[in-house]
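Order of writing sets the labels: A, B, C, D and E. Residues in every chain begin at 1.
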Amino acid sequence: MAPFLRDGKSMLLAYDQGLEHGPSTDFNDRNINPAFIMEIAVKGGFNGVIFQKGVAERFYDGKVPMIVKVNGKSSLVKGDPISRQVCSVEYAASLGAKGIGYTIYLGSEHEAEMFAEFGRIQEEAHERNLPAIAWVYPRGAGVANDTSKEIVAYAARTALELGADAAKVKYTGDSESFSWAVKAGAGMKVFMSGGPKAPTDEAFLRQVKGAIDAGATGLAVGRNAWQNEDPVKLASYLKKVIFERQPVEAVIPAPTR
Amino acid sequence: MAPFLRDGKSMLLAYDQGLEHGPSTDFNDRNINPAFIMEIAVKGGFNGVIFQKGVAERFYDGKVPMIVKVNGKSSLVKGDPISRQVCSVEYAASLGAKGIGYTIYLGSEHEAEMFAEFGRIQEEAHERNLPAIAWVYPRGAGVANDTSKEIVAYAARTALELGADAAKVKYTGDSESFSWAVKAGAGMKVFMSGGPKAPTDEAFLRQVKGAIDAGATGLAVGRNAWQNEDPVKLASYLKKVIFERQPVEAVIPAPTR
Amino acid sequence: MAPFLRDGKSMLLAYDQGLEHGPSTDFNDRNINPAFIMEIAVKGGFNGVIFQKGVAERFYDGKVPMIVKVNGKSSLVKGDPISRQVCSVEYAASLGAKGIGYTIYLGSEHEAEMFAEFGRIQEEAHERNLPAIAWVYPRGAGVANDTSKEIVAYAARTALELGADAAKVKYTGDSESFSWAVKAGAGMKVFMSGGPKAPTDEAFLRQVKGAIDAGATGLAVGRNAWQNEDPVKLASYLKKVIFERQPVEAVIPAPTR
Amino acid sequence: MAPFLRDGKSMLLAYDQGLEHGPSTDFNDRNINPAFIMEIAVKGGFNGVIFQKGVAERFYDGKVPMIVKVNGKSSLVKGDPISRQVCSVEYAASLGAKGIGYTIYLGSEHEAEMFAEFGRIQEEAHERNLPAIAWVYPRGAGVANDTSKEIVAYAARTALELGADAAKVKYTGDSESFSWAVKAGAGMKVFMSGGPKAPTDEAFLRQVKGAIDAGATGLAVGRNAWQNEDPVKLASYLKKVIFERQPVEAVIPAPTR
Amino acid sequence: MAPFLRDGKSMLLAYDQGLEHGPSTDFNDRNINPAFIMEIAVKGGFNGVIFQKGVAERFYDGKVPMIVKVNGKSSLVKGDPISRQVCSVEYAASLGAKGIGYTIYLGSEHEAEMFAEFGRIQEEAHERNLPAIAWVYPRGAGVANDTSKEIVAYAARTALELGADAAKVKYTGDSESFSWAVKAGAGMKVFMSGGPKAPTDEAFLRQVKGAIDAGATGLAVGRNAWQNEDPVKLASYLKKVIFERQPVEAVIPAPTR
């Protein structure tokens, strides 16, 4: 994971929502354009960007390290989710990827297929000295609450057991319970998933602070960054929380809070 | 997509309906014959023809560039659609294809299989320097209206994210909403799908004009061309709209309107 | 298809019913023996025989060209039919096949799998300069009448679009409607499927005559030949209808009619 | 099949019941040990033994020719049966197999998968000059009585059509009806399956005699041999019936009857 | 199995519960850390450790021989279990594995897929001179009691028939019935599965003693070891039972009992 780390911490900019949620759910005239995302990534000092192959192929300019998500699905299919490989590791590498991302819907009735596919991809990635990053999202009849301490820890642990170099999991809501997920990762890098836009910058920063305090490596943020009125300013706040370990109160100017 | 473009715009002649709809739905004694289509393609000045492998193998004469559709299905199977690869990229290339077409039924319960298959085909096509063109047709329980602004934009965006060089999507009904789909494509070529025969040439031309005004690269037209009494005349109208950006009123002689 | 043609017409002897229907449905002590079929093929002057791999391996003697059917199923399985590849193209060729046969159940919920499999087989056959012959039998909830003009034409067209060199389809019942299927084939060879034993030789010959008048290349006949009391005599009648275009009345001696 | 024949007839010792039925159904302290089976095979003068790969790997000593069953299933799964390949042809050969066995559940809703798998295996076996032996057991909604004349003949014919060198099928109950199955095999070797332990040696020998009289090549016997109090004595009876064509009365000493 | 044996007996430390059960079910702050497990393995004198690939990759230090479990699933999916391959044999070997573990859910409606996958893995393992160890856990509608004498023997026998070098099965509850499972293994190494934490050390040791007396090779223990307050002490007890065949009474100091 070295290309994506600064002093062992990391702030990644995720932008696969065009496929996962559809452009009409999350995008406006500004952030529908991947060039805008590349711009934020550079100006905001992000440690990495996360793209699907098509966006990578057309818009990636090499200015920040890239993770290519190699599987994907739309939000239109009902039932237990399945997300299949749409990009080979070789192809991702040829686009300049320095990391390979894959989403596992833990608990889905199609879990076995994603486990098997990730298993192969992890090995191909390591063969090329690329880290394999697992997005682990619990779903299905056996998952009552996908942000509970127990379930988020299960997500992190699954990534560890399957050989991921890093996991992206949802935040549990408080630092103490999230630290159990970090422990379950047993030294593997754990990233908090940014999730939908928080009501205020402060609210979002408190989540991030909680994750960092729990031992998380950092954050993979999408909507909370590029839906923000001023993504570069938000990035500057985030960097203070993640890399300088500043308290939220110190980060946001009083009037803004 | 260069072989299929003139000044960045394009008019393609689609002829895979014999498989997709069956000959008895769309064809008459004239257009059931693929030789007639090749003739229209040349006389009408189309920038490309779209065939399944069998028609390509028997009737393609190299006079206009060809896209081979490499998957297909009949209209007789009920339930959520699945269309599987029936032609290898290598075979399509050996038939003279300058582009590879593939249909994705976005939202179908079989979406994952088509995503994975297109993912592989896109890479094989690019390896041979052939563009991959995605027909993206939303279907299934999660799709209430497959020509809504939101859904058509989702279709275009899916093609972009999966690495297509061009997308063929349905028209939304008006230029403004279609421009959102073009934006979702983020620079990828977006083609309006011709759809079933419009009541009049004028009605059809207004749709095309709307798409072009919205930023579409052009049109992939089938039934509206080869079911037309005078396909070559229609093609001449279309060219004025697509390449010369003429208003519909200027294109069709008054008495015809 | 040249090895199977005489003056552009053809009469093929089909014998895969032992697998498709079971020996107890169609066979008696005489025709249960494949050696008897080879004998008829030679004496009757057939242009080809059609066997599954096992019969080909044990009984084929090279005296008439052979098509090996490379997929098959029993009649004991309920639900929408699926017939999978049981013989590789390479193996069929090693047994002496000059053509590769494959059955597609158009409209079956398993259609996609057969389309994909035929797609691969057609390419492998062409690589070895062997024709691919598609048996196309419409089935499933979307098929009300599998001998209607529309459906039979769809069957023929499917074979064309998927790259078959010839199609074997059911007869529609009259020459005029069958000519629409031949047109849908657009020059591809169309064979009438013999079907179950007709009540009289005359009745059967009238069907064949109708197909030939409609432009069919010929006939693939099984039960109507080898269940006939005198298969060689029937073959002589058929040859007059198919190759000499004689009217049925001229073919059958009056007392027999 | 030459390694397994003596004067064109054969007596095989089957021992895959540990997997197919489970040890607690069929085994006792004596016959649970594969070494005991190898011992019977030699002392009883059997023409072959039939093992799964694991038993072959640990217990096969080369003293009689071996068929390795390359697919298998337990008896614990409900619904239509499916038995998948668990041993490659190459591996079976490396263990010393002189024949490859495969079970097809004809009529099962999974029939297509087994047909396809057997099709590949038959070709791989022939490439290594090994015979392919098909166990064909009819099952499923379309099979009312799996020992009827019609169904057993269908089983034998299926093996022939798919290229098997021999078929193992159930006995129909009488010699006349079984002769129809042998005819359906059209020269392919047909083996009667021993089935569950018959009430007396005489009853079992009468079945075998009926099969041999019907033209069967022989018998693949399991439980009736190794569950017998004196398997070697039973084998001596069987040899008289199979190879010397003696009547059952002449074979069994009067007091025993 | 030689690397995992001492005088033909064995005590293995299993640690795949993080994936199979989730960290929140079985782990505490101490045993959630794989480094703690490696420490126990060494100090306790275990003959082997059992890890999933990810734990192997990060924590394995080569001090005791390792089995890598190459399939896995979470406990969150409902219905009949399926566990698919997530690690190639080649990759496991590259991590230092001296044995390959695979779980088969015997009786599950997905049994066929696991049988087939294990069949391939067993051959790949043997090609590299690695033993294949089968965890066989009966499940599904056909399994009323997964610790009955009959079912546990079926589990052991399945491993034997499919070519496993060792089986890990549940204990039946008493030594006599477990000896039937050992017999069903016919010389293959049979390991008792430790199962959930027993109420007392003595209760657990009595189970192990029963298995050893029945002829088991040893024990694969997880929770009963690393959930124990003093795992090293427990290991010392186990070694006396397994390797020295001491009675339980002699092993545990009186006050502790």
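Quick note on the criterion: a residue touches a chain if its C-beta (ideal position, glycine included) is under 8 Å from a C-beta of that chain, and two chains touch if they have at least 3 such contacts.
These figures come from a predicted structure and were not determined experimentally.
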Chains touching both subunit A and subunit D: E
Geometric centre distance via CA averages, subunit E-subunit A, whole Å: 36
Euclidean distance of C-alpha centroids - subunit C vs subunit E, Å: 58
Touching two or more other chains - residue numbers and ranges from subunit A: none
Topology of the chain contact graph, where touching chains are joined (line, ring, star, complete, other): ring
Chains in cyclic order, anchored at subunit B, direction fixed by subunit C: B, C, D, E, A
Footprint of subunit C on subunit D - complex, ascending: 106-109, 111-113, 115-116, 118-120, 122-123, 138, 140-143, 149-150, 153-154, 157-164, 180, 183-184, 186-188
Subunit A partner contacts - residues on subunit E that touch it in the complex: 16, 18-19, 22-24, 27, 29, 32-35, 52-55, 57-59, 72-79, 82-88, 91
